[in-house]
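Here's a structure for you.
Labels run A, B, C and D following the written order; every chain starts at residue 1.
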């Protein structure tokens, strides 16, 4: 069958297989899979409120996924999304609080600040890789921890005066949307989702439609040939990390200006950044794929929250189901293989 | 505190904090040397910690003082088995190795906590009845200054260093090691030399599971002494960093892990010295990470990964 | 009549293509049997089947009359079949000995007995006259030596039947001479050889019989006695092929490329281009002849800006290049057909179309205000594909899926179409069949006749002599002689390349 | 309930006497319901309540909502309210903003916030006088120490943790002015290795007692103390536990002898508070909009006896009294 069909079919089948195995796990551990998944569905899309929460949850996943994916497309592995997200979050809130401006200026400024901060945080591993060939994986991992401690310091001693949380950002810098909230029975859904989708489009345009995208992809696939063709490999490495970091920073801004509307001291990482790795790769590092993978993640994670209440299934089980789904999607080769076999057998 | 005892503490806490990282990093070295990326190290540690703690809780009465050691064996076994999931996905099913590794991390935490809840009715186990304790090495520990500094620690700290040396020997002195590395550098060439690429990679990933599990087991029985979702939080990623920092060389990885442990205890001890007392706390807390970056930028520089890393081997493809 | 190997009616399919269709090949004991065919004809595939890397869909294989199932290379090795692959199968970071013993290492206790291994390797290499430095790393040795290592690998495993897949494609004339010597020794030692090559002269020289395949189908097996290159060529291609490409005498004009006192360090920091002077004029082809590793690569990398020169000047139409970045150099009129098409020439995972615009994507009309204009890009790609007859399903096809020959045509098309003042062609026909070679030579000459300068680097002396208007001999990093191809012989060149002075060459003619 | 009768905080449900149709739930912070700390303590409270009033676990009875990360707080609080739990507890200061936000929308639901203050009519704020409890264990430490060196290891630098540190410091100084206190915040609650390294350096520097308020990081402190104890059983080396009675964490046996390095614990009876508020809600006097402080007097804060000698206990007792009588005013912050 044609590759086009396969590329659509495989993820669907992978997800189904993942759910089936998850069901088996549930029943062997004494839970009713029907109830379990019933609860999951309800908790994810059961009514306008849950739907709203799910979409809100998808928003940062899209940006985090885009961040990881963008770096991957240039042959770089950005494990630092977690940290870039935190600094982006903090910067956007800071700008939100520091100024008093009309919304048309203030909001964009705050969002941009988030992107900028994330970009800056990713610039360091980028430049180290480009100039000194230091492996970006190590640096980005280390930068995560530095971000955590640094951001907590900023929030407690610079942005607020020794508080656990900052002030709420004023309406002029907020992504919160009374409209969306009322539509979804007062969920925390905010305008961020539109930015996220726009971000996905920007991602696609940059990579597929612009000359720098051409360079970034080329460098990602063959540095020698790119150098031969007169591209500046080091410049592209830095650029890629910076753009990747900007997406991560935006994920943070969504939390800072939308979901929460303030910044607070973090005891540990949110995990969105690490999930972003899976989202990106499940999405095949392409824009539309990332959006879909993010949706999948958002649905599963959000639906998981009421599984214990509705069906007694502990949330951890959802982690397991997610893991299994990831395995199957990642192993799409074997599924494609089996599908072809099946097809052969059929005719 | 005086300089000598400061140094004593420094070395001591470097050794015990590094041991789990060393062992796990060595696991990473094996897997990546064979061409299989392993960012599932975190998950392997989790499952190892889980296995060791559960075993210790269950069989303390049976094995008495030997319990922690038998528990380590259990952790290694479970870790090994667990890593086979990664092997099947990334070697046989040609899954993207990074994704599969991420999945391992999800699965480990999910499964670990899920089972603990199922078995103990709580998301966190009780303290293990027979933990590991510092041990004074006879004679050696009596040497003035150096003795207490180096020879009064968890036995597992020495185990880690010994395993590192063994790993170096295996990888660089034995036929097995030569074959394993060849598979990571140029699998097709290895294939034409009659080496079973798939088998070698399976073994390598299995070993990484065994060592990752050991690392987790050691952490759980020496440091946390219980298991919960919060027992392993990021150590696996630090170990991954150590693999690269150490240029995929067993002794290098050991050095990197030790360096990190040292940086960490330096930051802590340093805090108790007046000259550093007015450094903001966040900077001290970040010091180990900053030092690592500086070390890399300063004198470690570039590292070349095994050539075939990350690419599944497909017979008949060039 | 005793055959050591019989491949009968072999069929091998790949998704979409029948690579081998009912091919029969029989190898006599003690013979050198050539396997001839165009790029993509199915030679490597057939040999990979014999070596157990691929399993045939049909047909049977007999070794010494016994039917065998060669399920993997181990089986082949045990049957005494050894293969020297087209693309070397060496672990760069290992030593020669490690590469040779890999898989059957001699042990001392738990460890590899390296001393023993090195002795054994040395012994075999002495016996067959395969000079290698057993302890050297692959990454540090010449291509020729790498090939000797490949041969040693098979001999170390006691191979009696050796397969050579395009062994000479990457060798210098000297190395080819050595190799033919080695063939003879091997035959003397009672081995049998299958040799894949595109070089018909070699076949005539060393082979006893030749099997010709075309597009996966076996055409014929003939005795080499009494065949001519032309007959073989037409058998292979299925049409007449004409050699030493027709060309009118050159009308050189003003100097385009002027290199003076150039010094370049190689990757290990050794000065490998020393005070080199060279000029190339408009309307001429200057061929650089030299043994591999005498600074050719560094010279070209310096001209194209891939490497910084330590001192000296490189002027293009009087404009200094040596300080410029690759892009500026390309823009100022330098075209470059790189030595290694897979490393530098192409982004294998890009479509052939994108590869066609690897240096020009950012220029109008292919992009406006840094937005790509895919319509223009594809138009251009289509044009080049047609013009340079690149055999590809479409401009969307990944470059990877094209044969080397077609990959090469794509690169040539790209570089020639930019119509550079000087075109640098480094081993442009390496690994290609006569058809493709003919085509490419013609293109270089066309460029010259358009009044452009062409700098040709090649290890194939007949290519140098046929195509060039002037030959510059490079030795240890400097040009030691400039000769006129019409009044020079391969011997003479060979000697110059080996570093001997010109007049000596005149006196003594045999190597 | 949704009818107007509940507007005053759902009291009517209770006044009708049918307590069994009262339902209550809690939303954990990211620590999770079995963090061996205040989440767990709160849950134990609800379970006890459920037993007393034979409530079913689940909707219509009592249950908890696990928050896997901060973004889940609002969702969980809302979900609880929308499942018509009459009373919803938010555990931990991190839920302050989320609970305000939700309470504004879900006016018909009663909310209770632990460890922080939110001024809304349908939120009861529950605070504990951690500083006073810390003061008392500080007194104990000040009297117990032989080396006059005492350590404090806290988690993330936050109001709450500073409250612990300040109270502890004051307590030590009250009884032992020349004891020096090394206060160190580890920036997190989940790094046992760092905790152990830090403890190693403090004990190595001569400290003989460490008070930890650092969750999982704190377990490293116990580990180090037990190691040292195991090597020199006669050495006096102690840890002061927090939140729950951490006696179990300190237990070890050396050559058959049982020892315990836990000197005492600053016990914070969140379970008591949770049951207390729930009952009041049932009986119709839900303290919406009020701040209810559980302190020593209310038995919301206890000092575990564990390893404390009688005379120290007596001293602690007298200071307890002085605090209750308001003779001592324990500081809330380091300044």
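Methods note: a contact is a pair of C-beta atoms (placed from the backbone, for glycine too) under 8 Å apart; a residue touches a chain by one contact, two chains touch by 3 or more.
Protein identities per chain, from UniProt: A, B = ABC transporter permease; C = ABC transporter ATP-binding protein.
Because the structure is predicted, anything quoted here is derived from the model rather than measured.
For chain pairs A-D and B-C, the one joined by more C-beta pairs in contact is A-D.
With centres defined as mean CA coordinates, chain D is found 76 Å away from chain C. Averaged Cα coordinates give chain B a centre that lies 34 Å from the centre of chain D. Put simply, the C-alpha centre of chain B and that of chain C have 46 angstrom between them.
Across the assembly, chain D contributes 157, 187, 189-190 as residues in contact with two or more other chains. Contacts with at least two other chains are made by residues 149, 152-153, 268 of chain A. Every pair of chains in contact is given here: A-B, A-C, A-D, B-C, B-D. On the chain A side of its complex with chain D, the touching residues are 43, 49, 53, 56-57, 148-149, 152-153, 156, 162-165, 168, 186-188, 255, 259-260, 262, 264-268, 270-272, 301-302, 304-306, 308-309, 315. Chain B contributes residues 1, 5-6, 8-9, 12-13, 16-17, 122-124, 126-127, 131, 133-134, 136, 152, 219, 222-226, 228-231, 233, 235, 264-265, 268-269, 271-272, 281-282, 285 to its touches with chain D in the complex. For chain C in complex with chain A, the touching residues are 304, 306, 325-331, 336, 338, 343-350, 354, 358-359, 361-362, 367, 370-372.
Taken in their complex, chain B has these residues touching chain A: 39, 85, 89-90, 92-96, 98-100, 102-107, 109-111, 113-114, 117-118, 229, 233-234, 237-238, 240-241, 244-245, 280-282, 285-286, 289-290, 292-293, 296-297, 300-303. Of all residues in chain D, only 32-36, 40, 157, 182, 184-187, 189-194, 196-198, 200-202, 204-206, 215-216, 219-220, 222-223, 226-227, 230-231, 248-249, 251 touch chain B in the complex they form.
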